Amino acid sequence: MSNEKKFTLRNAINQGLLAGLITTLISTVGMVELFSQRQLIAGVMTMAQLFIFLIPALISFQTARKAPKNSILLFSAVTSFFASLPVLVLILLASTFGLRRFLINVSPSLIETLTFGQGPLVGSLILVLATTAVGVAAAFVDQMDEKIRKPILAGLMWTILVGTFSEILQERLRAFFGIGFTNLIIKSKALQPVAALIFLVVVTAISYFWQQRGDSIKKGLASQSATQRRNMTYAQRIAFFVLLLILPLLLGSYLSEVTNNVGIYVLMGLGLNIVVGFAGLLDLGYVAFFAIGAYVMAILTSEGFLGVAQTSFWLALPVSVITAVIAGILLGTPVLRMRGDYLAIVTLGFGEIIRIMANSDLLKPYIGGAQGVLQIPKPSFFGTSLIQPGQLYYVVLAGVLLAWFVSTRLSNSRLGRQWMAMREDEDVAEAMGINLVNTKLLAFAIGAGFSGLSGAIFASKLTSIFPHSFNLLISINVLSLIIVGGMGSLPGVVVGSLILVGLPELLREFAEFRPWMYGALLIVMMLAKPEGFWPSAIQKRELHADEESPPVEEVAAAD
Amino acid sequence: MKKMLFILSVLVVASMVLAACGPSGPAECADELGCAEYGPDDPIRIASALVITGPDAQLGLDSQHGVEIAIAMRGDVAGHSVELQAEDDGCNAEGGQAAGQKIVSDPSIVAVVGTSCSGAGVPMSKVISEAGYVMVSPSNTAPSLTDPAQAFNPGYLRTAHNDKVQGAAMAKFAYEVLGLKTAAAIHDGDPYTEGLANAFRESFEGMGGKVVAFTAVSKGDTDMKPVLTAVAASEGGAPEFLFFPVFTAECAFLAKQTKEVSGLENTIAAAADGCFSAAAAEAIGEAGNGMYFSGPDLSFSGDTYVTFKQQYNTLFGSDPISVFHAHAFDATNMIFDCIESVGVTGADGSLSVGRAAMRTCLYATSGFQGITGTLTCNQYGDCADPKISVSILENSEYKRIWP
Amino acid sequence: MPMLEVNNIHTYYGNIHALKGITLTVEEGEIVTLIGANGAGKTTTLRTISALLRPRQGNVLFEGEDISKIPAHQMIYQGVAMVPEGRGIFARLSVSENLDMGAYSRKDTQNLGKDLDRVFTLFPRLKERRSQVAGTLSGGEQQMLAIGRAMMSHPRLLLLDEPSMGLAPVLVEAIFDTVAAINKEGTTVLLVEQNATMALSVANRGYVLQTGEIVLSDSAQNLSKNEMVQKAYLGME
Amino acid sequence: MQRRLQNINYLDFVLWFIRVSIIVFVAWGTIATLLDNPYSADVWVNFTVLGLAQGSMYALIAIGYTLVYGVLFMINFAHGEFFMSGIMTATVFIAGPLSASGYLNNHPVISLLLILVVSMITSVGVAILTERVAYRPLRKAPRLVPLITALGASTFLQYTFRGLFGSEVKPFPQVEALSGKISFLGTEILQTQMVVIIATVIMLVGLYLFVMRTKTGKAIRAVAEDKDVAALMGIDVDRTIAITFALGASMAGAAGVLYALVFRQVHFYMGFLPGLKAFTAAVLGGIGSIPGAAVGGLFLGIFESVGPPLFLDGLNVPAYHQLKDVITFTLLVLVLIFRPQGIVGERLAEKKA
């Protein structure tokens, strides 16, 4: 219905102003300035310029799609022209008034970046012209034939991506091919112009040919028999498994560290997925069990003065898990009769209670209070201490595979179906003869067990733990990753962890703006894909039923 | 799909072969822990790992500014420009470990300034030391970090004061200089403040004083009056001296509200270097008149600190926002001095800095004139000037009064 | 020109095709009833007319104007009011607050007193309970409140969804008497009802719905004589 | 729902056990404290007044949670940031310059009004923008989805304001007209606390009257009950929801000014904890109910202030003020176990919760 509305020049102006305001915002919060030094493509484009131009370009692209067919260029030019105006106002205000007294990041160097070092007057002119030009270029790209447009966009996108992640790529390239070769491609985090150009051309070409051949491949797939397909999945599985096994070799120590962190969150996510995704119990204090697992591991194995037993990692591991399970049952019991948001706030309270107790002077003689537990040994395996992230990876992997296996079995079991029934409607579930107390407690207990396992590995990976590490934000992060991935879906947990734990790690360079981007990312992802990135089949179905839930009467009508 | 499998296996084999070869560096380096190598035009790279996100961000950001100013004021080091790789330690252990792993995966980084929080410092010092790197923290104060029986690792140094030293100094000041016999201490559950408050208590009691109340608030608390009221009504009577070595936000709340609680009108309030900054003085306002602060004596270095503050203002648009910028500045300069003394410059202008040599040099630092005092490192990495000074706040100006 | 013209509307719930091309008309001053079994699509039809649901195809004309694209909260300004299924009173608001909400769309606030009196004459019970919280009313009183509330907006067309649901037979008759009275005063009524006997007794015309389609349409009299209708909806053998 | 599980004795046994053990613990602690008698009666009155002032702020913030929860059944985690954004902006743009020029202390009333207006307008603006961008498109999504965008919005807003105004603690000037103490119930209390309590009462009563008496207020309540029917009455549901957000945010903006008056400093992270506490207060009082939010806020404030010394002092718990939140959350758990609808909440809300 809305697409029938006419897109007027006024809309184009509004769109442009919106884009301009966004650019102004990222300038005033300091992001543009921070990245004015960071070269995306050496000598050609800085990260700051990417920020300044990308937003008008995207908006002009949007405008071009909606604009009347005969005046696309005009519309795009108007949009991008107006996109430069708010920035212009900022430059004007900043160079006439001392804006910096109020807005700490509106510094002379920001203005210099925005005006390309040409002074306010000439710089503003350049800014307006360049922005408009970018917008028109975007419209041109939009006008191209799809066969050409898509590859070009793919090429641009991949080049920008490579430029953004160049820090990590640089490190990996150096490890594999040595510093000389790396410097040809990426030098001090900047993509070299020639390499960038080659890369752009290659990606565009590949994407072009891929598109040409895409159809025939799809046809080929469809013509294969079912057994053939099954065999392939079998082969794929082996390949995947081999890949998992050799991953640390490919990744190197830092990326393995990131992978381990992701893995720890996957473990927690799989556990919370049982509680929230399967059983529908909204738990915001999930970090409590993580903390309990970690502290049990710490106290049992620490070689410092707080250690009580100095047992080995492998001995302490089951104890941690069992303690967490017991804690899950203990904390689960009083809240069995609560639902929804009440459950959320009470569990949140539990999480905070555990953290505050761990931090308190009251328990300091036993678990270290604010000073934490130190000197926790890393796990050892047949005499080798697993010091490197690449070695610890296998411990994490084993934990994740175990949790994955248990989760898959559970979701197809009688218990799993009871959970689903309970999630749909507790009253109906009980009428069907499901014992709600046991079913709920089992969900809490198993979820807590996974979290305890995760915490135990975490403690031994860190070799020291502090109450600080167990705050509310962890619970929130785990919940978010489940929902971003797709609630109730096991692969979704992995996808969610990669996006919400792995990606911020890889974007460490953005340093102080990581939380800002994290927040924006959560909003944008939920707006774009409310069902998550890898929804489970059931979730997909539910969502559609949920959108416009028909009264019983109408469903019957359709039959 | 078979093709995919093939590609995958090629990748696997290739990666194994490559991993077996390992990174190949120039052969010139004779250092047992390897070297950081720079081409003739390459900048020297150092890293920082400070808390720049979350509620404590101002603490780390301020230190990072200190590092940036040190780089700007120093100019070239050993004929090379300097590039900073700024990382976030998140003020927690996992953040410290991740930042550490990232730093040690980059062979071009020669040394690290960090971490902000002791909790992040413990795992990070382990990662850094195991990889043969070296770090100098501008603001870790936990005694365990330089205690060989606990968390000390042989690549760790710091320019911040060990809690033990500072706590004892404050106790001595209160007991001997001010002649006060009863005191109370409040911490906020942060390892830094808890350690310092504890050290103060032990020393004060050791000297014969009485600690009538030892209590805590929580981070993020705003209303301190219940705690202060309880302190005022403690069994041993209202304390003559109240020590709360917490960070700016909580410190300002405590300082302001102490004046508003009946029974504490005559109590002398004191804080430590977590609250010893221009921004803190501004946040406390008039309530801070007559309050004592322990920490480095910044007036000591004279001109350098004046220039430093000007630089800070031009670059970051405000006076220093927190406390450990000076320690960070000193830490960075210590690192630069050592690079200059152990770096080997090749005929073509390339530079090679041995990592073991770097460590030896840093641990051997002696009589270094920094803006926080004269720094001399001991074998476990404590480098801060042992002379803690106490300043009094008068009309938002700090005046050193002891020693 | 008919007052309400529904042209071949198709409404979906997700992928469920609930209305498969409904076409009907209501002339000014009429009472028209839609009858059909549970799940035939009666409520969906009303919800589509009142813009709570959007048809994927087809349109709705009210007094010649296409109203199928305006938002639901604008309908009442066009002169269309609806008493939803299950009455939909605001349980936590008082009776008089509920009536106030019925008059939310009114600009001429000085005439409200008169309308309130009119509702209270129609339903004296409501007057007694005007300050009571609506959730505590009995089912019959709630239905009265719902109809009274709809009348507060001075609608030209009243959409009534199952007014007899869950009420005792005596009350049902009273309600239908009121509906007839309201109609006499000049309000056109489109009535959805499962109780076909009652519905056909007050209506001028009727439509029979089956699984999202109209299978029969005729005057009320003829419909009550129709064999199929008698069998299926009037409980006669 | 209570009845549903009644047949399971084990659960009742556990709940009774929890109830009894906590009561025993509290009684033991209280008796020990009172026998020990560390504080005079004055001090206890003081604790209560302190709690009342802090609780007033919680109450004002809790209103926003309750209103939004009432219409959308959604926990708006970004509400604490609405609170922060208003007073941060007002401090930087108004209070700071006014104080520097001396205008603040020469014309305290005009200045405070100006600060209040700017704070409220900013909070409302941020709230409306957040609602429009992050919540409205998700009205039909599964319930957890807006919760996640709320969390995202919360972080985003925190760091936006940090980026705008910097990460350091900003001092809020002392208003001389409000400094000093007055005598109240035989004890001295600060003028600022008195202002907070009085202002809160006025605003809460005003809000209550607005929601109960005005057409818009009734529309909000109608939308809270049934959006479809409200739309049939001619109520623009989207607009009404935006108004609800604005109302809650205006209270938060005002609470920000009171906060600044009492604590005299602001920070980009200052919204997080009060937000969490206010949400707890809203649930404690009975989420969805306006009197509930008020009662819950005051209750929470008093408990935080009086609870630790009363229950824990006698038990010789070291640094017991640290455990204040433990008491808070234990109280919450107890209330929700035995009175799931909250202190003054109605049972009606439960089926939707």
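Every chain is named by a letter (A, B, C and D) in the order it is written, and numbering of its residues begins at 1.
Methods note: contacts are C-beta pairs under 8 Å (C-beta built on N, C-alpha and C of every residue); 3 or more make two chains touch, one makes a residue touch a chain.
In this text, all values refer to a predicted model and were calculated from it rather than measured experimentally.
Distance from per-chain Cα centroids to the pooled protein Cα centroid is smallest for A. The chain pair with more C-beta contacts between its two chains, of B-D and A-D, is A-D. Using the mean of the Cα atoms as each chain's centre, the chain most removed from chain A is C. Inter-chain spacing, taken between the CA centroids of chain B and chain D, is 36 Å.
Remark: chain B and chain C have CA centroids separated by 74 Å (rounded to whole angstrom).
Spacing of chain A relative to chain C, judged by their CA centroids, is 50 angstrom.
Averaging C-alpha coordinates per chain places the centre of chain A 31 Å away from that of chain D. The set of chain A residues touching two or more other chains comprises 104-105, 356, 359-361, 512, 515, 547-548. Within chain B, residues 53-54, 57, 61, 187, 189, 216, 218, 317-318 each touch two or more of the remaining chains.
Among all residues of chain C, none touch two or more other chains. Interface residues of chain A facing chain B in the complex, by the touch rule stated above, are 100, 104-105, 107, 171, 174-179, 188, 232, 235-236, 239, 242-243, 246, 249-250, 252-254, 257-258, 261, 304, 356, 359-361, 369-372, 374-375, 387, 389, 458, 461-469, 505, 508, 511-512, 514-515. Chain B meets chain A in the complex at residues 1-2, 4-5, 8-9, 11-12, 15-16, 18-19, 22-25, 42-43, 52-54, 57, 61, 83, 86-88, 91-94, 97-99, 101-102, 104-107, 117, 119, 122-123, 126, 130, 142, 144, 150-151, 187, 189-191, 193-195, 216, 218, 316-318. The touching residues of chain D, counted against chain C in their complex, run 215, 218-219, 221-222, 225-226, 228-237, 346, 348.
Looking at the complex, you find that chain A touches chain D at residues 25, 28-31, 102-105, 276, 282, 333-342, 344-346, 348-350, 352-353, 356-357, 359-362, 364, 426-427, 430, 436-437, 472, 476, 479-480, 483-484, 487, 512-513, 515-516, 518-523, 526-527, 530-531, 542-543, 546-548.
Partner chain D is touched in their complex by these residues of chain C: 50, 52, 71-77, 81-82, 84, 88-93, 97, 100-102, 104-105, 135, 149, 153.
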